[in-house]
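Working notes, beginning with the structure itself.
In this document, chain identifiers A, B, C, D and E correspond to the written order of the chains, with residue numbering beginning at 1 in each.
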Amino acid sequence: MSPSVGVVVSWWPGIAVALPLVGVAVSAATGWSERRRASVLAGLTFGSLLVALGLIREVLAGRMPEVHLLHMTAQLWMVLRVDAAGALYGATVAALGLLALTYAFGYVQPGPRRARFFAFFMACLACTLGVAYAGNLLTFLVFYEAFSVLTYALVVHEQTPAAIAAGTKYIAYILVGGSLVLAGVLLTFFLAGDLAFVGGGFLPVDAPRGQLLTAFWCFVVGFGVKAALVPLHGWVPDAHPAAPAPFSAVLSGVMVAAGAFGIMRVVFDVVGVGLFTSLGVAPWLTAIAAVTILVGALLALGQEDLKRRLAYSTISQMGYLTLAVSLAGSGVMAGGLVHLVHHAFMKGTLFFCAGLWIHVTGARRLGELRGVGARMPLTTAAFTLAALGMIGVPPLSGFVSKWWLGVGMLEIGAGAALAVLLAGALLAAAYLLPVVYAAYFAPTRPGAATGAGAASRAGGATPTGDPASRGAREAPWTMLGPTLAAAALTLAFGLGSHLRGFPLQLAERAVLAWFGGG
Amino acid sequence: MNAGWAEALPWTIVLPMVGAVLTPAVAARRPRLAGTWAWGVLLVASALASGLVYQLATTGPFSYDVGGWAQPYGIELRFDHFSAWVLPLLLLFVVIVPFSWRYLDHVMPDERRPAFYALLLLNAGGMIGFCVTGDFFNLFVFTEVVSLSSYALVAVGGRGLAAFAALKYLFIGAVSSLLMLFATAQLFALTGSLNMADVAGRLADVGGGPAVMVAFAAYAVSFMVKTAMFPVHVWLPDAHAIAPSPVSAVLSGMVVKIGIIGMLRVYQVFFAADVLELGAFNQTLVWFGAISIVMGAFFAIFQDDIKLMLAYSTISNIGYIVLGLGLASPYAVIGASVHVFNHALIKATLFLAAGAIIHQTGLRTLSDLRGIARRMPQTSAAMAVGAVSIVGLPPTAGFVCKWYIALGAFESGQAPFGFALVFGALFIFIYYVRMLNAFYFQEPVHDVVIEANEAPWSMRAPVIVLATLCLVLGVLGGIPLSFVEPAVLELLPFWGN
Amino acid sequence: MLLFGLDLDYVLVVVLFCVGLYMLVSKSNLLKKLLGLNVMETAVFAFIVTSGMIEGGDPPILVAGTAAPYASPIPQAMVLTGIVVAVSVTAVALALIVQIHAHFGTIEVDELKELP
Amino acid sequence: MSDVFDAVMLSLLIATAVSVARARDLLAAVVIFSLYSLTMTLVWQHRGAPDVAMTEAAVGAGVTTVLFLITIARTTRREKP
Amino acid sequence: MDVVDARPILAPFVSFLCAGLVFAVGRSIFWRRFFTFLAAFIKMGLVLSMLPGTLRGVVYVYDFVEFTPGIGIAFRADAYGMFFALVSSTLWLFTTIYAIGYMQGDRDRVRFFGFFALCVSTTVGVAFAENLLTFFLFYETLTICTYPLVVHAETPEALRAGRIYLTYTLIGGGFALVGAVMVNAVAGTLTLSQPGILSGDLGTPTLAIIFTCLTIGFGVKAGIMPLHGWLPIAMVAPTPVSALLHAVAVVKVGAFGVTRVIYNVFGVELLGVLGFTVPLAFLAAFTIVASSTIALTQDHLKRRLAYSTISQLSYIVLGAALLTPLAATAAIIHVANQAFAKITMFFVVGAIARTTGKKHVSEIDGIAARMPISMAAFTIAALSFVGVPLTAGFITKWYLALGALEADAWWFVLVLIVSALLNAGYFFPIVHRAYFRPAKEPWPTLEEGRRFETAKTLLFPIVICAAYVLLLGVTAEVPGMPFSIAQVAVESFFAGGGVVP
């Protein structure tokens, strides 16, 4: 940490985590009306978001709020400590969580599984916040594992055979990954005797190289599963379509990113930039990241199912974060960190839109979306905005992050990486624009949007016939509102990227801590 | 003061004998009085024996010269640590006799009771004499007293099979007695003396040689037959199974031990004389002991009759003892000697418990007796304690012996026999598990069992006392050891080959 | 008297013992077995008497004027006891045989064994 | 002289013993056994053990034979082949 | 610091007395329960009252009687023994509560509770055994006392299971006996109060035989493959017994024995030189992986748990075999961790069987809707086995892995990871079915007037034990919690050497 940062004892990080946990109990509470439950859950999440924003303030003021949760043994303790990167990620989680929650009130149908959905959703949210604010590896691991496992319940929410298969695949991948992370944590403890995150890392430089390498690759592979690094990405394309849309948004936006966030934590707060460079693993990581970007994007091209396409897109986008980490330059890292936030809202928007289309028209596949733009103009507009952001069209937020990434790459002379970045952007255009095209411009086919599962899935709204022919019928505001809000944030982050308190400033702070001002 | 208890030595033998003779007279009017009479006699004898043991504990071994003739010409009675066995022996009798009071109801008519108790007293007197005699010829005489009364006791139930079993026992027993007589004569021919201590001294002068070897071998074979080691065990199972249960307890628990005690006595003499190289002999004992353990267990597995099963288990246990003797290391011999007593206790428990069950139900096979534990819980529990004990599972009396014999095996560098012992014991447990399973964990198939009642107190109390002792002596295993240890350690310097 | 270098008495004892043993072991009739046992017993007694004999000695009866060596009295005492014991054993055995016959109607071991 | 007596006696002993073993008629066997005992008595007498000899004559040859005879009377006379 | 105190003997004696009273007056339900609970509480009190002393390093000793000259039945409540006693006396209480509910209306309850108390008595006896002889006495007694519980149902399968159980354990006991006897023969003492009583100059073959005998002897109960055969078969026993067998008494006694052999008979230094533990460690590692793999294929709930137990027990053995302080800590702490988690699982499985009659994994689809609290407890326990942080299982795996690294045996870390995955592989499907599969047919609803998903006496122990699993995971450090005791124990094992965490 940079010397100007002072640790202060504060309960706020704990409260941020605890509020959604209260929501778990609320979700399980019987005898509450749906409305009352919804408002309380939203209120709790909103409270959490406020706290997260407050924490950003604290961080910007040069303080580092810290709260000790548990002392399991003398060496194993759990602490929440908010630094710039954590605050940034935490606020993202809270914000996207609030949006998705609101969206979910409309999306998830009533029934016995509804309560379960919200309970697990809130729990996941809490744990992801815990990941964001974790002050040492153990805390990180605990929350990381917890939300990974809890996610299972949300992936299989639909309880269709496909969903269960996806859930099984998911949990298998995640557990292997989690175990590797645990091994890494263990090795770290063995080598360093401590687990607390410190900017610049704390692994002893003079430890045996083999053990250091083992620890490092345990972490990278372990988190890489979550971060969907190719070839560890297998679960992503199955899990996303299976999960309900609001959760897909969160999954893609912040939870997959938790893997990338973990890699960042490891590289900068555990291993340290210096050691990371001297270990000589960076080129390998770069290669993996590059492959992930390209392969993810190429595979996305071939997907007919919209949510699968978006899932591959997530894989590709996560590659940017890893790429940024592997290059270990302060500029590019700032871009990477900011991309984490920006991508969250963009991808959130995309999934929200995809969910709305499914909800209203039952359309899951690209071919079924023809003409939906006319029927659901706001939704399609939001989708378009987010898609353009993903491609990196100025002045949207995606442009900002890619700009910083590119500039950072040039700074350190990583031309090849820049090429990959550009290729990724082009491919993003190639797999997202056809969707936009189909929604707006493709000729409609009669009956195209009456998907087989539409009636059952749509609940109240009854999709009928050709979307275009029946005029505009947007989804209810509980769902449309969050979608538009997310899209708006995409725009706002692009426009106001330089403002105080916006992601970029925090990312710079974080990078300052990691690179020691260099 | 010392002389006081030493004086009691001949009376301890004479008392039961005289009691036996007087039994018909005492019980002439009321045959059932015979049991009480016998019990009284045995109680007094036990009191005397306690005095003897007390004397032994305070002053060490002591002698009594019958008729005041000095050694080596007179008849010497000698009370040493091995003789201390008479006290537990008598105490077991004291427990067994009350059991027989009611038990005999279904075995024999009342008018035959005096004969039965006379034989029993004779048997006890014979064994006491056997333990305390100091010369070889009396050893033979008392053996014959014991044997004769045992033959008769086996047949006392009176049915034909019993007579046949007794006759089988008799033929083999008589041959072994003959061998013993032959050995005694041979020893006399060699040394011109029969007093044990004296013979030992003179043997040393005579030195070794085939003649001494022949005498020793004759003794050994004779005692091995008496103790029913495999393969000369054939007489035992039928005799012990068919005899009335109190008699079975006496026979299996005590009479077979005649062979062991006799062997120890012969050892005392031959080893003190140090004239024989007995390594090969010991090795033979070890092997036969091990084989006995296994074969006894093997046969027992196939028995359905509980008393036959118990009888075969005696063969196994004798195998333990012989194995321990053959190992010839201090711990092994201590263990074997303690097992002489502990096995008597355990076997008495088992036979009496089995007897109680047979008495109450009239059934004696495992398949008939299923589920009996529900109706006779205390007796069955005693049976279970006995079973666990005889296998040598801790913390029972049987375990102490197993521990020491195994320890001896390792001590003498014959570890495989330690293994054989321990796992042979498990082999034994197989059939006891069968028994316990039948008693406890299977549904009754027989109406008699369903309606059975717990045995009367005069039968139950002895069983419970014995079972309790099995447990107590497991924990307080040091008590019998303290008697045996000095004797064994005294014996061993000449022994270890 | 020596026969082929062996004391004839001992040869006799062994032969008699063997004859008795043969009867005891291989005869089926219980009475014959018992007779065999008796033969064995006498053989052993004969051995004891023989071994106790001192060549040229007088009987161990104290008569004025005779002098040592005597035959040792102890073996003879042993034999006397032995004879008494043997008779007792025989008596018990015969009683048992009578019982067996009364119960099963036979005293042949072969047949007794076939009984249930 | 003594040797001749010995030889005759011992031969007789063996002969009687074998006869006891071979006789099918139990009564005959018992009678021969009695003869055997008496022969033994003579041998012992000759060996310088007169008291033993007398006991054997009375008990071995006398009582035992009587007991056997009683038994035969109460059981059977024939040995089954 | 040794202090003569009667409490180490009173603790087993209380249960023993209780067994006697239950047998005597057990026909009356009231008195049966009264005595059982009274004894359970007194016993817990006794053990707990020694705890402060133990943490201060006091060792309570009591020589009961000289069993055979030179070796007595003696009790010694050292830290490790205290640890084990604490676990078993605590779980006795809960299992008793559970058993009362579970055995409601069952047959032969007098016998059941009587032997139950006996088992606990002997378990605590094992825990407090001062020497190998006392240890063995109680060890074998336990074998026998458990038998009536295994065959409780008295069906042919139960009898068969009992037979197999006895065959295995008695043969094992035979090996243990031989080993103990050999130790006595070569060392002249059997005390467990020293960090090793054998000396290296006895020659490797002798020591190897001793080690093999003792390890086989205790390994049978600890279920080390290939000696595990009895454990899945013994599952026919009533659930409280399975819980007792698998979580507390029998299997733990085996594992406890193995650790005692390693630490107190041979001692770390000697074994470090001899290297006997290396094959043991590999065997344990093999067991961990192999039995987990087998567990994957089991449909019967209790059998699946049984194989899981086999796997878990080898953690203890592995921890002990690694011969490092950290691994030892793991081994010891796992005694408690596994106990609480596995007993929770068995309780839940038993509750399911009692409430719905379902015994197979394939039958419990959607049961979480019917029995939410139980399944939540089960899930917690499952997480613990997987080694998720905040649960007890994590602490074990953490220290075990560190120990492996400390011993320079990183491949065991790999084993641990694989095992964690396999654990997840066989537990999570259960959780999944319970929560995410629709019920095949509607679960019977609660009877009128019943507020809980199952009997209170079943539910209460489940909740407490599950809570304890979490508690162990998060407060291991608190003085008086198992971890602190384990540290005292480890300090005694590695007296002088090694760094204690």
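By definition in this document, a residue touches a chain if its C-beta (ideal position, glycine included) is under 8 Å from a C-beta of that chain, and two chains touch if they have at least 3 such contacts.
Not measured: the values here are computed from a predicted model.
The fewest steps needed to get from chain B to chain D, moving only between touching chains, is 2.
Touching chain B and chain C together: no chain. Leaving out chain C only, the rest of the assembly separates into the touching groups A, B, E | D. The highest number of C-beta contact pairs joins the chains C-D. Every chain gets a centre from its CA atoms, and the centre nearest the mean of all protein CA atoms is that of E. The most distant chain from chain A, with centres taken as the mean of CA atoms, is D. Centre-to-centre separation of chain A and chain E, using mean CA positions: 43 Å. Taking each chain's centre as the mean of its C-alpha atoms, chain A lies 108 Å from chain C. Measuring from the averaged C-alpha position of chain C to that of chain E gives a distance of 68 Å.
In this assembly, the C-alpha centroid of chain D lies 77 Å from the C-alpha centroid of chain E. Shared contact sites, meaning residues of chain C that touch two or more other chains, fall at 34, 52, 97.
Taken as a graph of touching chains, this assembly forms an open line, each chain in contact only with its neighbours along the path. Checking each pair of chains for touch leaves A-E, B-C, B-E, C-D.
Chain contact summary for the complex, chain E toward chain A: residues 369, 383, 386-390, 395, 397-398, 401-402, 405-406, 410, 413-414, 417, 420-421, 424-425, 428, 432, 435-438, 473-477, 483, 501. By the touch criterion given at the top, residues 137, 140-141, 144, 148, 151-152, 155, 158-161, 163-164, 166-167, 170-171, 174-175, 177-178, 181-182, 184-186, 188-189, 192, 194 of chain B touch chain C in their complex. Touching chain C in their complex are the following residues of chain D: 2-3, 6-7, 10, 13-14, 17-18, 20-21, 26, 29-30, 33, 36-37, 40, 43-44, 47-52, 55-56, 59-60, 63-64, 67-68, 70-72, 74-76, 79-80. Residue ranges on chain C touching chain B, taken from their complex, read 21, 24, 30, 33-34, 37, 40-41, 44, 47-48, 51-52, 72, 74-75, 77-78, 81-82, 85, 88-89, 92-93, 96-97, 99-100, 102-104, 112.
Listed in rising order, the residues of chain A touching chain E in the complex are 70-76, 112, 116, 138, 141-142, 145-146, 149, 152-153, 156, 159, 164, 167-168, 171-172, 175-176, 179-180, 182-183, 186-187, 189-190, 214.
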